[in-house]
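Common to both upcoming complexes is chain A, partnered first by chain B, then by chain C.
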Partner chain A sequence: MADESSMGSTSQAALLLKKQLAELNKNPVEGFSAGLIDDNDIFKWEVLIIGPADTLYEGGFFKCHLIFPKEYPLRPPKLKVITDIWHPNIDSKGDVCISILHEPGDDRWGYEKASERWLPVHTVETILVSVISMLADPNDESPANVDAAKEWRDNYPEFKKKVAKCVRKSQEDLL
Partner chain B sequence: MLRQVLDCMMGNCLKASGADDVSLLREGAQPNPTSDPHPSGTRAHDSLPQADSEIEHQSSGGGGGGGVGGGGAHIYYPSPNVSRPANQLTEEEQVKIAQRLGLIQHLPVGEYDGSKKNRECVICMIEFVIGDRIRYLPCLHIYHTDCIDDWLMRSFTCPSCMEPVDAALLVTYETH
Partner chain C sequence: MSSESPPPAASGDNQDELILAQKEAIAQDIASNASLVGNLEPVYSLEREFSHDAVFMTKIGNLKGRYAELRRTRPDGNCFFRAVAYRYFELLLHRPDEYERIKALLPRAKAQMIELGMPTFTLEDFYDNFMDHVDRVGQAHMDAQQLFETFNEPGQSDYLVVFLRLLTSMQLQRNAEFYQNFMEGDKTVAEFCATEVEPMYNESDHIHITALTEATGISLRVIYLDRGSQTEASLHDFPDQGESAATTPLVHLLYRPGHYDVIYPVKSTSESGPATSNATVTTTAELSS
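For the complex of A and B:
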């Protein structure tokens, strides 16, 4: 069901995102670069994550789309990695599964605490910092890519090989 | 925008819960004769065929950022990934939301007077201006009333310290 949002809150979202874009342009953050997919749409961002040093993903360049809802910051954006990537917490379509991007609130099964879910204080920067730390440190408790999670646990050399292949491909894609 | 918080608009939703009658949820805000019709009212009509002039009135009130219940048509968020208009809520969800509205009503409000350490509302990232309506959570974090009320209807958690507000409220009651 589509959420309704008033004009007021839509422009609040746009304002907040514009502010972050300006700030990131002025003071870039190490580890990623961020811009808009289309200069006329502040809700659709393109982000390039630089594979963090001392991880299997080092040297890789992972293009992502960060799509914000009109209700931001009350609801989380969706993050999709466009570049091929092999990671336990990124599914085959590239959708990133981390708890801070899950819809807010208390679910009745208590699967995830409200405090682990989305909070309206998250920004492009804090989201990407979390994603970069997820690259370094996969969470195999709730894997989005079960095969990658299994391989990460049981056949690490093969996991490493697959990631290395993604890293090489990401470098070629960039050229 | 944030100083447009109209007592009457805020009061309407909260009074509904104060009456301890969940059926009031279905009706939402009372028509507010002082508010102007707003373009977003038309959008409320699109998504809610049964919408009447009351919805239009409420969404025009929500134009400044929305009161409790969110801007636009009164859509509620009983649990993650669930959003529905009041008339589609289950009984259990109505009770949960009515309780939530009641609890939010009990959180103190005030006017920003410049004496607090927090200088900006971390939800909208806009600096507080003297006279802004602010709400205090039990953990003593403060936010614009508009910003935090909309959030608390989705998740009863302080965005800054992640403390569950209901647990903190209980502690407050017990110690007083």
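For the complex of A and C:
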């Protein structure tokens, strides 16, 4: 903590994150809620994503950690889903792989060149809106969880069953 | 800063990961060897780098009559924007007319950016920060030395760069029909902005320069120090005024393949920053035309 407030280079990042947190608390956005993992560290957020209506994930509560680098907003945060979740674009460790969280040139997941990438103007809200739309609409061209992607394509009933299990478990975890 | 380690790779020995790691290592090496914005140096300091090269040496020799000093910027892909921003803020220290002009222009630009659908929350953050610095410099709450320090503070310096990138993107997108002619392949102007303009660390091209000078009204001369066989470094003015250029551009940049630095014409070095103290002389020729 000491280092982030005293390090000049991070003050812009810290300020922008504080402003966003205050704004999200004042005017919550539908579909998720946001707070800090540790009240003393503005760079580590805990976000609860509510499974979007009319999708397999409806009714689920997915706890995520959103970890911002010191270079935020020049560089993107990392998003990890802590709750067990079965999804083509979330790997077994919970790392969420969508193009908006990667800079142009970072092509390890084989995104199309023109797909939307990280930009300094992105906010926590724009990130989470993208994640929520990814839950509704998986992208099986760049799967982080190959097994889930295959199942989603080839054995949808089984895929559905696994997701339903995750949703149930996420509800139990919350109690 | 040195305590930071790069994030662990997400998966095993993927070739892309190795390339990314190498890119990161090169970037860190550059960062530790070059200031974001350097001190003033005499133009002839370039001769040391090119002493083995007759073409460059001739051109540098011919530059010396017109340009006195040079200020290097870090080659991190943001050099064009950082060089323009630094030199322009430096000018604002002594140019109340420019201060009034840019102060009137920027709020309109912001409104146009919002119109284009840029996220208001972050846009305002970058805008407020930029405007705040324009005010501080324009109202003499910040001197040349503080400006120099601000531009060498990474978070702050990059924040100013982001805003110029957004201005450039705005100009391109508002004139998408025209700029579409310069796109490669089937890329749209919006896609170009999202991949080549707004993201940091992406190098600038002719099109970025054209759009930024249009968006801001900041006139710019780029001196190209390249391998062409002429004896004079070629130059290009933005906006292009043709041969009959009556006005001297505000900002002068020196281009060497892949990189931009600030360069100071002989007549106006007296107001060029922390290395000099008598910061009053501005030619009226620039003001009047």
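We take it that the second predicted complex is superposed on the first by the 155 of 175 C-alpha atoms of A that agree within 3 Å, B and C clash if a C-alpha of one lies under 4 Å from a C-alpha of the other, contacts with A are read in each partner's own complex, and residues count from 1 in each chain.
In this section, contacts are C-beta pairs under 8 Å (C-beta built on N, C-alpha and C of every residue); 3 or more make two chains touch, one makes a residue touch a chain.
Keep in mind the model is a prediction, meaning the values are calculated, not measured.
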> Touching A:His102 in the superposition: chain B (first), chain C (second), both, neither?
Replying inline: first
>> Once chain A of both complexes is superposed, is A:Glu158 in touch with chain B (first), chain C (second), both, or neither?
In response: neither
> With both structures placed on chain A, which of the two partners, chain B or chain C, ends up touching more residues of chain A?
Replying inline: C
> Between chain B (first) and chain C (second), which does A:Asp147 come into contact with in this model arrangement: first, second, both, or neither?
Replying inline: neither
> Looking at the overlay, does A:Lys70 come into contact with chain B only (first), chain C only (second), both, or neither?
Replying inline: second
>> After the superposition on A, what does A:Asp41 contact: first (chain B), second (chain C), both or neither?
In response: neither
>> If I apply the document's touch criterion, which positions on chain A are contacted by chain B in one structure and by chain C in the other?
In response: 3, 7-9, 12, 16, 19, 73-75, 103-108, 114, 117-121
> Which chain A residues qualify as touching chain C in the complex?
Replying inline: 3, 7-13, 16, 19-20, 23, 69-71, 73-75, 78, 91, 95, 103-108, 113-114, 116-123, 125-126
>> So in the complex, the part of chain C that touches chain A is made up of which residues?
In response: 1, 3-4, 7, 10-11, 14, 16-17, 20, 23, 118-119, 121-123, 125-126, 129, 153-156, 158-159, 162, 165-166, 187, 191, 194-196, 198-202
> Which residues of chain A touch chain B in the complex?
Replying inline: 1-9, 12, 15-16, 19, 73-75, 102-108, 114-115, 117-121
> How about chain B: which of its residues touch chain A in the complex?
Replying inline: 1, 38-40, 43-44, 47, 59, 62-66, 70-73, 75, 77-81, 83-84, 122-125, 147, 150-151, 154-157, 159-160, 162-164
